[in-house]
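Naming follows writing order (A, B and C), and every chain is counted from residue 1.
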Amino acid sequence: MQWETVIGLEIHAQLSTQSKIFSGASTAYGAEPNTQACLVSLGMPGVLPVLNREAVRMAIMFGTAIDAELGRRNVFARKNYFYPDLPKGYQISQFELPIVGPGQVEISVDGESKTIGVTRAHLEEDAGKSLHEDFHGMTGIDLNRAGTPLLEIVSEPDMRSAKEAVAYARKIHQIVRYLGICDGNMQEGSFRCDANVSVKLREHTEFGTRAELKNINSFRFLERAINFEVERQIDLIESGGEVVQETRLYDADKDETRSMRSKEEANDYRYFPDPDLLPVEISDAMIDEVKSALPEMPDMRRNRFESEFELSRQDAESLTASREMADYFETANGIAGDAKLTANWIMGELSAAMNREGKEIVTSPVTAELLGGMVRRIADKTISGKIAKDVFEAMWNGEGAADAIIEAKGLKQITDTGAIEAIVDEVLAANPEQVENYRNAPDDKKGKMIGFFVGQVMKMSKGKANPQQVNQLLREKL
Amino acid sequence: MHEKSVTELAAGLRSGEFSSVELVEHYLGRIERLDGEFNSFITVTAEQAMEQARAADARIAAGDAGPVTGIPIAHKDIYCTNGVKTSCGSRMLDNFTAPYDANVVSRLRDAGAVMLGKTNMDEFAMGSTNESSFYGPVKNPWDTGRVPGGSSGGSAAAVAARLCAAATGTDTGGSIRQPASHCGITGLKPTYGRVSRYGMIAYASSLDQGGPMAQTAEDVALLLQAMAGFDERDSTSSDTPVPDYSATLEDSIDGLKIGLPGEYFDAGLDDNVRKSVEEAVDLYRSLGAEVREISLPNTGLAVASYYVVAPAECSSNLSRYDGVRFGHRCDDPVDLEDLYKRSRSEGFGAEVKRRIMIGTYVLSAGYYDAFYLKAQKIRQLISDDFRKAFEQVDVIMGPASPTTAVALGEMADDPVSMYLSDVYTVMTNMAGLPGISIPVAPVEGMPVGLQITGNYFDEARLLNIAHRFQQNSDWHRLMPEGV
Amino acid sequence: MSFDQSDVEKIAHLARLAVPAGEARALGGDLSRILDLVAQMEQVDTSAVEPMAHPLQMTQRLRDDRVTEENQRELYQSVAPATEKGLYLVPRVIE
């Protein structure tokens, strides 16, 4: 039987506002429990919600970035259910009239482009957190997070493989980070992906019953969870069973999905427009302001890197993976004046160093200015690429800028032909046998053998002789 | 002293005839002596009242007094009062000390009014007889065998018995106007959005509105002046400018166009109440008003649709009472379900539970369109009725209640009858319009209220009309025997 | 319109109210009568009418994104039934 997978993703992005969506309590991460739970966050008797302008603005930014219809008149609705981390016994969300309507994003899987539809995105408030350990059989509730603004982004069920789902999730992740509306930290829970997965036979047009997968906190787990679930559903159907519409938790340790026992059977949320809030009207002025303030989005920036800096699609893609990386590149290149070289250094040495030491591009000791300064010295031949590695290491260790290091350690490349020639002559004189062997060797072996002489010259010049000139002189003299 | 209106008391304070401390002591003494009979107060804040009185006297001496500085008032126990028990008439909040002040409370405090305590009310503002309170029913000072009306029964009774000079109430389906009518005092429900709902424990968010209750329209104007205005903490608060309500009280009402809805004078209205209301309207004629009959065709649907919208909103508003962060919690809950169900069932009384159940039902899957959505549409029809009426007339008059106050226990077991008695008042809330009730000729010794409904933000006109009536009649001066 | 035993149970559960066995019938009766009252709404055709959610034609005001509330945990938890280490305690929740 030929099976087809159908996947839709629901992503909850925590918006990086200073204060909560309906109150002036702080949204800062990591505070002591309930120290950022104001009267409104606690759902105290008599308190009322007031809407945060920045949350609205961020939602519009997202809508604009994905070319979506905007909900010019959108309405907040109450989603009613009981749970200890939901203080009012209802979540203020949006139901019939969301702030962002249908839009789309482009993804690329194995070199193939595909458009994935976004059904809608709406604003809602986050719930608090439950802590289960240390409370002698009780659960402890922390409401600091209750009321933090979320943008719930719902995709069309357009994805047909786990890879596509991951590509889509990464794309949304990239977009919200480019916009600066969400820090996308999946471990801390500021970017949550739930997957709706179903299978159907290729020839059927109707979708199968779907299961909702939750508790996925990395892209890798997303792929695994979906793959597991697809297998599970196929096995189930092939052995005569039926897929049940339910919520399943992904267990990363066991790499499996499990049905959630304690969740409500068919929760009746009794949505109705929240009478404490009025309809939100998005003005032309706000839309214009957002449009003009929108940063260059990833695809546009990638295309520009390809054309303006003549970088390959692959390089451009890597460099624009995050806004911070792209900004870093442009700053460094602005100083260095050599796009390809700068790109190589970023994707090579810098990335390796960051990975080794667990640093991000924004916390790298080698700033864009420092790197740019060094790459310029390679480009203008002050130092060789090889010497640059030492300079890089020194910069990483906080020894200052490239010029200062080159000066202090006397690392300037020797480019004076006379000086190099002198060393070359010395090396050739000191190694008559090898010279003889080289001259007698067949041409196809010469390439390798010249390496010995190059090595000797570099050693004698303490690595500072310009390698190209060394090579050229050796070839002339041998 | 206690027969004096707020206006008269304020004059006395300013002239030095007596001090706020003396006044407050006097009222506190009355409450202690007399309230055992009426049960209008849940909490008396004697110490704080004295403190506030002293502060008020200092302000008066410094020439820094406003119109209500030093005046002893009471707050319906639905308003959060910082550091003071706020029960909403319910066992659910019997142990609740509010950690903040409602906007209404801070405004009146800043104006220098002195809080004597918190008044009794129907539980969570649900009821028309003040018999559903956890703290026992309030008795009507005019006849303690009868109800004072509800849900602001405590505030109405306290003002009627002169246990305070004025009080705050709230009105969702008539809860200021009807008890004012039953207790022979003046009570105003402002336009929706005129008074902030921040700190006013929510019953039905799109209908609730706080307002003043006192002996006279002149007094109500002073209180409203302090209570009204934009509050940034309430998204439904209006920034329509607040006029000087006292400045236009004396305006002539010659040529005033009064509408009498035929639907309000139907068979359900008690004949004697009808007579009193008609007499009152005659007085208005003599003052130069024109009276004509109008129609509010959707009156018959008002109660039905109100009893969908209000329970729906309340069922959601009351979900926060779950025994977790405040309020009543059952002993030794075995699991989460037990915590919720027992805490809520122990904390809420029967009427509240009924309304939560109805509300939950009408919002539930498959019923939303037929009930909630339909009721909101009928709201639009009701508003349209009023809009058309106000094209022809300036204000609309009628009874506040089909009868005078009923006997205690008479309606307690029959929720539907009680709901139907709200027929004259709920329309105003559904449309969000302002309405005032003023005392007219009593029937068999029991007070009757004339209800006057105005257009949006037309409180000044309502107060003017009410004041002119009170300048030409004495019903508002009557006091129950023995108080 | 009638509210039978299973309706009462279902709605009571959604609302997290416990209805003792003896009371369910009376409650069902009360609710049925209230729904009969509500059924009067069917007298009018509202298919062409817009629902009115708010009396005033206002739209939602927006607040500046600023932190205006400070930590008042001690005060707010002074009214709490059960707390420990700053957390609100509830019976263990199994996920």
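Everything below uses one rule, namely that a contact is a pair of C-beta atoms (placed from the backbone, for glycine too) under 8 Å apart; a residue touches a chain by one contact, two chains touch by 3 or more.
For clarity, every value in this text was computed on a predicted model and none was experimentally measured.
Asks: Going by the contact definition above, tell me which chain pair has the most C-beta pairs touching.
Replies: Highest contact count belongs to chains B-C.
Asks: Specify the chain most distant from chain B by Cα centroid.
Replies: In terms of C-alpha centroids, the chain at the greatest distance from chain B is A.
Asks: So what's the Cα centroid distance for chain A and chain C, whole Å?
Replies: 41
Asks: Please work out the Cα centroid separation of chain B and chain C, and write it as a whole number of Å.
Replies: 23
Asks: I'd like the Å distance between the centres of chain A and chain B, where a centre is the mean of that chain's Cα atoms.
Replies: 57
Asks: Can you list the chain B residues in contact with two or more other chains?
Replies: 96, 99, 206, 232, 235-236, 319, 322, 324-327, 336, 340, 360, 364
Asks: Check each residue of chain A and list the ones that touch at least two other chains.
Replies: Residues 39, 42, 44, 50-51, 82, 84, 141, 143, 268, 270, 275, 277-278.
Asks: Going by the touch rule set out above, which residues of chain C reach two or more other chains?
Replies: 14, 16, 53-54, 58, 60-61, 63, 72, 76, 82, 88, 90-93
Asks: Show which residues of chain A lie in contact with chain C when the two form their complex.
Replies: Within the complex, chain A touches chain C at residues 17-19, 23-26, 32-39, 42, 44, 50-56, 82, 84, 130-132, 134-135, 137-143, 249, 260-262, 268, 270, 273, 275, 277-281.
Asks: In the complex of these two chains, what residues of chain C are touching chain A?
Replies: Against chain A, the touching part of chain C is residues 14, 16, 53-54, 58-69, 71-73, 76-77, 82, 84-95.
Asks: Applying the document's contact rule, which stretches of chain B touch chain C when the two form their complex?
Replies: 95-97, 99, 191-193, 206, 232, 235-236, 238, 298, 300-301, 303-305, 307-308, 315, 319, 322-327, 329, 333-342, 344-345, 348, 353-354, 356-358, 360-362, 364, 371, 373-381, 383, 415-416, 419-420, 431-433, 456
Asks: Touching residues of chain B toward chain A in the complex: what are they?
Replies: 79-80, 86, 88, 93, 96, 98-100, 102, 197-202, 204-206, 232-236, 312-313, 316, 319-320, 322, 324-327, 336, 340, 360, 363-365, 368, 372
Asks: Going by the contact rule at the top, pick out the chain C residues touching chain B in the complex.
Replies: Residue positions touching the partner: 3, 7-8, 11-12, 14-19, 27, 30-31, 33-41, 43-44, 46, 49-56, 58, 60-61, 63, 72, 75-76, 78-82, 88, 90-93.
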